[in-house]
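Input: structures, listed below.
Look at the two complexes coming up: chain A is in both, with chain B in one and chain C in the other.
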Partner chain A sequence: MLKILKYSFYDLMRSRWSYVYFLFYLLLGVVLLFLNNDLSKAVITLMNVIIILVPLIGTIFGVMYYYNSREFTELLLAQPVKRSSIFLGQYLGVATSLSMSLVIGLGFPFVFYGIFNSSAIWDFSLLLITGAFLTFIFTALAFVIALSNENKIKGFGYAILLWLFMAVIYDGLFLMSLLYFEDYPLDKFSLGATMLNPVDLSRVLILLKLDISALLGYTGAVFQKFFGTNFGLILSFVMLVCWVIIPTFFIWRIAKKKDF
Partner chain B sequence: MRNTNVISVIIILLICTTNSWANTITVCATCVVQTISEGIAKAQVGDTVIVHKGIYKEANIKINKGITLLGKDLPVIDGEKKGEIITIGANNVTLDGFKIINVGVSYTTDYASVRVVNSENFIIQNLELEKLFFGIYLQKSNNGKVLNNKVRGEAVTEFNSGNAIHLWYCKNVEVRGNDVQKVRDGIYLEFSHNIKIIDNLSKNNVRYGLHFMFSNNNYVINNIFETNGAGIALMFSKFMEVENNIIQKNWGTAAYGILLKEVNDANLVNNVFLENTVGITVEGSNRLLYSHNDFTSNGYALKVKGACYDNKIVENNFLYNSFDISYNGRINDNRFNNNFWSNYTGYDLDKNGIGDVPYRPVKLFSYIVNRTPETIILLRSLFIDIIDFSEKVSPVFTPDDLMDKNPKMKIISHDRN
Partner chain C sequence: MIEIKDIHKKFGKNEVLKGIDLSINQGGIFAILGPNGSGKTTLIKSILGMVLPDSGEISINGKSLKNSFKYRENIDYLPQIANFPGNLKVKELIEMIKDLRNSKATNDRELIELFKLQPFLNKKLVNLSGGTKQKVNLVLTFMFDGPLIILDEPTSGLDPISHLRLKNLIFAEKKKGKTILVTSHILSFVEEIADEIVFLLEGKIYFKGSITELKLKTSQPDFEHAIASILSASYA
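Here is the complex of A and B:
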């Protein structure tokens, strides 16, 4: 498995797209710092980018990579290698290289700008950690979709639908239910609903770390009380890890049974 | 002969009169008079009692005649927590240059460092108050001045702390150049009219920087209110002028820059609101003028809670606030005109400096948050941006006529002197 991981990883490292992705983040970081001159404000703007773009790119890239390397995968399958290690290796290779592009691309400009001497260091590292988590989650979901759909068009369609659901539609449904049940106490419900969507969870985690949390008022206080404690923080990371593990498990199961 | 007579009469008269108003009594550790109370007891109306440097452990000092009590090199009066320290109960008293510490704390009596009762023409200046309960407490006293005092409290909670400068049933008092920090309310007015509050700094107070209750015709000019529970709380008052103040960093889940409740006919002009959770929150206030204010980087710039009619919001700058205006109703009787909005995305084809498309400052999301506060958790979600955009294009939920028909294209530079 490690060999395949290494191969996928180097393959991607050599590919143009990783560089484009890396340069995109590098440029984003530099421009943000250049325009803003304020680390904590740059972190807020970055958050908007990360919670929307990272899942999108993870999904699209995952699906694309799977379909593109299909022939090579079939070749590998003819060899005496375990199936699970082929697919898990490929998945980990893609996800690792994507998160590396993200972390290094954003990390560089901020390090040179002096993030280590700034109080925003924790917010920033939280941002990078959630960004990496989101990459792993959405790449895994993309692999699950690609594995269960032979048809490329269908696969891409589902992948984009998945992103749309997580980033936009989920919040819409969430909002509707909050408005519909406004007569009931909604703190627990909104906490639960936030925990269930990795995009929302990352957004709230970062928002609460930033100054802006005072704006959230009473609801914010409930959230702050929950996420501010170690228990809440650990629980939300456990939730993110679950979001990585469950799709990975599906990759493993589908790969085992799949007929090529 | 006649001339010399006249001259001698004049000289005698002069000596008599100077004697009657220029006696000076000196108080110090090595003098004949060693306590301040003794010095006051010996003084006649119009005399000056000079207190030299030292620590005077005295409480319940009563000034009951019109004298000047002057501290040289900041003598310290230590009340040893025995209750009130100085009580003024006469007209024409001047109190100048003391450091007053250790006022008694009580839950039944409002002990003050300096209390002025039923007096006229008082001047209280250059005091430093520490370890206090209430600071300067003016009670039914008129035509006085409270100048350049420095108050450092140690307030943590609202219920066991007092106010730095407290006015109750006063008229025509000038409160200028004071620096009040870490008390309950920096400056508090109740049933007080025609008070001028100028050039003060009110900072780090547990409750409000400045608090009005039932007080009319007051001026608040050139003050700084920073990191208080709320900068200024104006309640049940009329005809106020709030000008050239800086109200900043009042940040927290229940913090405001200015809280207006049942305030009518007031002018809020040329103020700066910087980094407050809510710049101004208004409830039941009519005929107010908000103009030439800067609202910068606040959570909400202006939160209108209802029953506010005939207000004018003109020529303000709204810069980088999370929400510019929040409204919870569909009726609007307030006029927005000629403001600059940093979120404005319109254009100006005829180049007259005024945008051709009206600006709608109320976002759908702020309307939703008003209805169901829990929804704030969706702040900065992509979905919210999308619905805000569609509401901007065709308003359905937000008041139809709530818009700035002539938004400025460029930031307004106010004429501040």
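Here is the complex of A and C:
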């Protein structure tokens, strides 16, 4: 599997898109820092961008990579390599190279600005960690979609729908249900609903770390009480890990049964 | 060497293989023939484990293929359409496949020499013509020394000289005692090289035997007419 990972990774490192993605983050980091002149504020703005953009790029890139490397995959399938190694290797190759673009692209400007001497270092690290998690989660979901759809157009369609649902529609439904059931106690429900969507979970995690949860009112207090504790933090990370492992399991299972 | 027992395969509603029984012995050239869509490629891909049959069993040297992948070390496969990752250079692709196979004893240099591929080694695969890609494909297949060689339409896109070189290459491999499975629509090519033919028709084996036997069976004077008579009988 490591060999496949290596080749997928090199292949991507060579492609123009990795550089575009990397340069985008580099530019974003530099611009934000020089406009804001404040590390904490820059982290908040970055969060808003990352929460939406990272899942989108992960999904699109994952689907695109799978469909584009079909020939490569067929070549590999005739070699004495395990099927699961081929697909898991490719997935990890894509997810790793995307995460690297994110971490290095954003890391550079912040390091030069002096993040290591600032109190925002933890917030910033958390931002990068959740960003990497989101990349791994959505790339895995994209691979699951691409593996189960032979038709490229359908695959892309489902992938975009998935992103739209997780990043936009889910919040809408969540809010509507909060309004509709406002007569009932909703703390448990809203905690659960947040846990079930990696995008929301990442957002809440970062917001609470930034100590602006007062803006969230009563819910903020409930969230703070839960996520602020070590237990809450650990549980959130366990959830994020589950969001990576479960789709990866599906990649493995679908790949095992598929005809090429 | 290869034992195939009652293989069935459906793609959706389309039943491609309807119970294939076939045993192929060590040594010799076997041609798998049949009209388009008769299941040749599906059969080959089942042997390679790329297509998983719905029922039936395939074994190579007595070992079942199910849940196994190591056996592919012994198979050199030439895919039908030579499509490679375009970002790579020819040289890198060859190195990569060698690395994946963990194989050091290869004769890629002679093959590159044979097909005159030196000027293309540093070119990216997207920029190669169809015929050149097929030559690269041939190098990748023949550079290993596995006892079983599977060639899916090996002649497509080749110029006459390369065609001739390919034929010599196949004969040389046969002399080493290897088993070679070939599919092709070019009957003169098949007639020249094949020791035995397997004719697939609508997912079943219609005929298995030598070309002489086929001529006798169809009472036709030559190979081309013999094949034509089978096809016209089935389409009539």
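We take it that the second predicted complex is superposed on the first by the 260 of 260 C-alpha atoms of A that agree within 3 Å, B and C clash if a C-alpha of one lies under 4 Å from a C-alpha of the other, contacts with A are read in each partner's own complex, and residues count from 1 in each chain.
By definition in this document, contacts are C-beta pairs under 8 Å (C-beta built on N, C-alpha and C of every residue); 3 or more make two chains touch, one makes a residue touch a chain.
As the structure is a prediction and not an experimental result, all values here were calculated from the model.
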Which superposed partner A:Ala167 touches (first chain B, second chain C, both, neither): first
Which of chain B and chain C A:Arg14 touches, first, second, both or neither: second
Touched partner set for A:Ile52, first chain B, second chain C, both or neither: first
Residue contacts with chain A in the superposition, chain B compared against chain C: B
Which of chain B and chain C A:Asp259 touches, first, second, both or neither: second
Partner chain in contact with A:Phe223 - chain B first, chain C second, else both or neither: first
Touching partner for A:Leu77 - first (chain B), second (chain C), both, neither: second
Set intersection of chain A contacts, chain C complex versus chain B complex: none
Touch list for chain A against partner chain C, complex: 3, 7, 11, 14-15, 69, 71-72, 74-83, 257, 259-260
Residue ranges of chain C touching chain A (in the complex, touch as defined): 11, 45, 48-52, 69-73, 75, 77, 79, 83-85, 87-88, 96-97, 99-101
Residue ranges of chain B in contact with chain A within the complex: 251-253, 255, 277, 299-300, 322, 368, 371-384, 386
Parts of chain A lying in touch with chain B, wherever the complex brings them together: 47-48, 51-52, 167-169, 171-172, 174-175, 178-179, 182, 186-187, 190, 194, 200, 203-204, 207, 211-212, 214-221, 223
